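In order of appearance the chains are A, B, C and D, and numbering begins at 1 in each one.
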Amino acid sequence: MKTRVLSRLISPQTMALAAVLLVNWILFPGFFDIEWKDGRLFGSLIDVLNRGAPVAILAIGMTAVIATKGVDLSVGAVMAIAGATAATMVEAGWPAHTAVAVALLAGLACGLWNGVLVALLDIQPIIATLVIMVAGRGIAQLITEGSIVTFSDPTLIFIGTGSFLGLPMPVVIAATLAVLATLLVRRTALGLLVEAVGVNRSAARYAGISANVLLLAVYVFCGFCAAIAGMIVAGDIRGADANNAGLWLELDAILAVVIGGTSLLGGRFSILMSVLGAVIIQAMNTGILVSGFPPEFNLVVKSGVIILILVLQSPLSATLFLRAPKAKTGASK
Amino acid sequence: DGLQGKVVGFSQIGSESGWRAAETSVTKLQAEERGIDLKFADAQQKQENQIKAIRGFIAQGVDAILVAPVVATGWDAVLQEAKDANIPVILLDRGVDASEDLYLTSVASDQVKEGRVAGEWLVNTVGDKDCKIVELQGTVGSTPAINRKQGFEEAIAGKANLTIARSQTGDFTRSKGKEVMEGFIKAENGGKDICAVYAHNDDMAVGAIQAIKDAGLKPGTDILVVSIDAVPDIFAAMVAGEANATVELTPNMAGPAFDALDAYLNGGTVPEKFIITESKLYTPADNPQGEYDTRKGLGY
Amino acid sequence: MNRSLRPLAATAIIFLLCYLAAVIQFPSMLSTRVLGNFLTDNAFLGITAVGMTFVILSGGIDLSVGAVIGFTGVLIAVLISHFGMHPLAAFAVTLTIAALFGAAMGAAIHYMQVPSFIVTLAGMFLARGAASVISPDSIPINHDFYTSVSQAYLLMPGGGRLSLIGGIMVLVFVVGALVAHRTRFGSYVYALGGNTTSAALMGVPVARTTILIYTLSSFLAGLSGVIFSLYTSAGYSLAAVGVELDAIGAVVIGGTLLTGGYGFVAGTFIGVMLMGLVQTYIIFDGTLSSWWTKIVIGVLLFMFILLQRIVFAASAPRKKAFWKV
Amino acid sequence: MTEPATVLQARGVVKVFGQHRALDDVSIDLRAGEVHALLGENGAGKSTLIKILTGAYQATEGEVLLEGQPVRFADPLQAQAAGIGTVYQEVNLLPNRSVAENLFLGHQPTRFGFVQKKVIYAKARAVLATYGLDVDVRAELGSYSVAVQQIVAIARAVELSGKVLVLDEPTASLDRNEVDRLFDIIRQLKARGLAIIFITHFLDQVFAISDRMTVLRNGKLIGTSSLKDVSPTDVVRMMLGKDLEILHPVSTAAEGASGPVMLSFDGFGKPGKVAPVTLDIHRGEVVGVAGLLGSGRTELARLMFGVDTAESGKVTMNGKEISLRSPVQAVQAGFGFCPEDRKADGIFGDLSVRENLIIALQAKLGWFKALNRDEQLEIAGRYAEALDIRAANHDMPIKLLSGGNQQKVILGRWLAIDPNFLILDEPTRGIDVGAHAEIVRTINRLREDGLGLLVISSELDEIVAYSSRVVVMRDRQMVAELHGQDISPKIIVQAIAAQHQEAAE
């Protein structure tokens, strides 16, 4: 048991995170400084968590989707829709809780739409969710009529920038969601059933699992997560920027899940590892920010780090580093 | 009379910023006032879509074409095609690297000058004090980012007390502006070492202001904020004492463009090649509340 | 008719019906100008989509193509404008680099067993990043060769232009179709998409084929970059952002299954033309705001895949998923 | 008389998967012009050995010699080039490509680099004609039945085999006629001097065609001998390490012994799939379903389990009408179904043996009433023991188990829900003699426990061994119901074949 915990602690992910943090520290010696100011924690590490929260939340939903062998490209657009909905409603005078509820509903609805396309119409997930990826941002802009809707509603702002027990709200929300989602999938049968559907959807049906309902639920959950992330991002800048909110974040979310070790081919998944993946990505982004490199280098650095992590995770490096017998797995792929 | 009933195609870049949204809505407004049938095409940030749109307009036989070019290069061929079809083209808000006889006129600001105006304001404001500046650049490689950086650097060149300590891209967006500013603050001694932030547009400045506040500092006082565009929200910040200066980029590029077109089509007057809009500096002394109110309805 | 050709025929018919509907509303959409524009304006997308077809047929995906187009353009521009190279030499250098880049991605996908989605995503960051490191600024190319090639077209009656680059695209489609449907390599591509394990056991050289597929895709993306640079006479690091999604869309609309193994290069051609049609239609309409443009594109995409779904359901052989493990 | 030359040889081959030694110092030699049976229980290492011989796997230790020269095939392509053609276990072809392309992939004749499709089609038609197969060679392989696909796989391997032909369970999904035809071809190839490896679990087939045999047990070589020198009982003893009654006992499942009617299907059918079927299932009885390949047996089972939805008729259970629109409803009603295609519809390859065992029970319990780890361990342990499931541990992925053990896991999965009615579709396909006998015993035991069972099988001896009643399917229709004395292979064959006579008349 102890060795299992230990072997988890030295997974490629934790090694990657440690490496990225170390580099950040070398580039910027104050990186690990944390101070207590105005009743909340401050520091680059906190920033990493705070800025990583939206992608982490997306990654939670995305993990479930990917575990079923799917993918959801629409989450960025759904974020924009949720942010736009909440902002426009509070600006129109609705109470914040109504606005939040409607925004969440909008996310659920988008998820349901995706789920119907994937589960019932049997459309391939990439293409099915591409529809909202394209149209969703348009819908968000339709809601805001193309402008950035600035608001001053304290509740919405609190979601994005408030703090609880000294931690930024986004971190609190992401952590809570991660823990709840993990409990939900591991304390119930959901985790196993989702994995079963991802490993073999046909066999799942034969085993009496309501695979379609489960698929629907998973996409709905992903939409829900995206809506939360969307409100955080809007609350953070006190405005709904329909054109830019969540732009390309679907790629970061997928990347986080893959870095976390969940296979794009479905099956075994770990929500906490995906969250760790999101933190690694953000640590890298923050590192780029504090490094002082010219911005032209951002993407090159980012790809370098990703390649490094992939190499660390690949079976090839396992055989190289751990000297396990080199088995040719041609037929068991 | 006038441009009544004329068909004009407008190839817009996209809707990436508050300012751009305003330019679109002002253009539509201007067209409506003059009875122009405006064909609008949103290029979703892609030059290839703009070229497609222009060719589409040519194929439809429109009377004139407005284009806000996403990038300066790459227009010769399609502009030549428009010229061959005798359709006048007017450039809006950004210039191109093409032979001047390929377009009727260009209505744009001088982006280098915008940067310079911002820089000069800062130079005058800080005087001889040492001032570490952080810069929020626009999208890497975009013309306004390159020009505004250049203009600003020109203005502070030779002033040894002003240095750009850090410069990163904030992609012209609020959230990236905020995130990047947060990083800068951490990297510069909790923001205490930063004397001013220069943002290539107001959206990023608005994000930066929030980051400064979150760090427990006072934007506008502890850290000076200067940016470009003059969107309503930056005036709101000025009212709150949180922003210090903005250089106006008028969203009304279409007005002068239509005037020139009118004169050309109806009177045969060839307009001057470059109609440069004013790069007016606004500070809290310029009635920010009033500016806010007049701009609020323009679709920013 | 061969049953497997049915979706292709259906796609073609749907395209013609859409075109007809558009022409009824805007008669000038039938002009030779518009037809010429279809070829010229979509040349770079079409060429990329041919490469993407191979990748998708093999069951993979290539997200790096848009970035490779951007990178190619910048490199060519620098080589010509800053180093004074002749364009043809610059093309050779750049296409070689692009092909090697694809080979490296293919090798990573095969040997490291990382999904293509992730490898090519990293490739996308790398290519786009490398482009902006070379020059964030857009670089004009002023060379006689460029002027003559980009101005090379046949004037059709009605003012339409049949351009050289449009012709190159058609040629690439023809060659692509021949390679996919008439060569051993092509059959290996389909084999990989059908079932990698079976393919390996049947003696398909999986490693070589995978590497070649991504080499081809990157090479064609590079060629597309060449075309793009001819089209705009410039190189720009942000050129062709998001083209990978357009290319994937065109391939899928053309009837190729994203899971691999089924589809036609000719279908992709229709897919590209359909995307061009949608854009042209929106431009002719001219009343859609920025947001309605997106919504309409999304809705059309949806209607199309739905229609296709119905056609496929009617024509697909029973139990297709039978062998997929 | 001189010994025929040794063509292919393996010496001291060891193959290790992770911790597991799948092959331990195995040697085998194949002579020109012989059919060499490779025998052993499920998981003995037969497939692993031939994969090493043909370059699909690399041996951990040991060497392979072709005509006396050591060879190292990096992949199947190199083995093919050296004249070794292989049919791997479970058809490994491309359902998405044409029949012709499947036959010639990698060897298509080309001109100027272009594949000559016409030539290929003609050749393909000619090749398949020798197998008595007249199909559209341009059509997708996937549109044909498993049997057709199996023949295409064999034909492909034969075309590629200049020296050696390897057949890993080629007959598992063929019917008698097709097996006979295959044997004719094997004899011709043998006469041409090919060395042929033949893997099967049907002992009668081994004796019908093979010259020598090699037996593996638990990855170890037990021995090689001429078939002239051994009896079936000897072979079984070598395989299992113990004696086993290999002849099926006469059915003890007298019809009168079954209990009251539990389930009634009344006019149950779906146009285009299965013509309306009316059938009662009693407690404590086994209804055997016989029929030719493609006669609609699987379709009937799918319908009865709600995988496909019936469009006519009704089902009553203990007198009450029930709805069977999805497997979920079937499971709630206490049905279980072991599907024919284990890999595609049965196992969850990446999930553990334990999870595979409890998954149906878990699905029945719903999303929120999770079995905790202890309960899972207990249930998995219970059924693994009851069915003698052999796995190194229950946390290993099921895909690493041998076919027979996978089949038992799926059976165990359904026993865990404590079912009333079990549908087994070809439960013994690809299963070794030992496990085969065990499954037959289990079926009988379940019947005695009062379950109702519907068992589909192509092996008539087996059907006869456990059925209380036999129904016969033909052309997607239930055409006969046999009782008592009529339950014999001969009469079943007559019932199945009636159609051919009718057609001939």
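Assume a residue touches a chain if its C-beta (ideal position, glycine included) is under 8 Å from a C-beta of that chain, and two chains touch if they have at least 3 such contacts.
Fair warning: this is a prediction, and the values are worked out from it, not measured in the lab.
Note on connectivity: the fewest chain-to-chain touch steps from chain B to chain D number 2. Identification of common neighbours of chain A and chain B yields C. Using the average of C-alpha coordinates as each chain's centre, D ends up farthest from chain B.
By number of C-beta pairs in contact, A-C leads when A-D and A-C are compared. Centre-to-centre separation between chain C and chain D, using Cα means, comes to 44 Å. Distance from the chain A centre to the chain C centre is 29 Å, each centre being the mean of its Cα atoms.
Chain B and chain C have Cα centroids lying 33 Å from one another. Chain contacts: chain D has residues 56, 75, 88, 344, 349 touching two or more partner chains.
In chain A, the positions touching at least two other chains are 141, 146, 200, 202, 296, 298, 330-332. Multi-chain contact residues of chain C (touching two or more other chains) are listed as 132, 136, 197, 200-201, 206, 289-291, 293-294, 321, 325.
Chains touching one another, given as pairs, are A-B, A-C, A-D, B-C, C-D. Of all residues in chain C, only 2-4, 178, 182-184, 186-188, 190-191, 193-195, 197-206, 261-262, 317-325 touch chain D in the complex they form. Remark: chain A residues 28, 30, 37-38, 42-44, 47, 51, 141, 145-148, 150, 161, 233, 236-239, 241, 243-245, 286, 289-290, 292, 294-296, 298 touch chain B in the complex. The residues of chain D lying in touch with chain C in their complex are 56, 75-77, 79-80, 86, 88, 92-97, 101-102, 105-106, 108, 110, 113-115, 117, 138-140, 142-143, 156, 341, 343-344, 349. Residues 26, 28-29, 31, 33-34, 37, 40-41, 44-45, 132, 136-140, 150-151, 159, 161, 228, 231-242, 276, 279-280, 282-291, 293-294 of chain C touch chain B in their complex. Chain contact summary for the complex, chain A toward chain D: residues 187-190, 192-193, 195-196, 199-200, 202-210, 267-268, 325, 327-328, 330-332.
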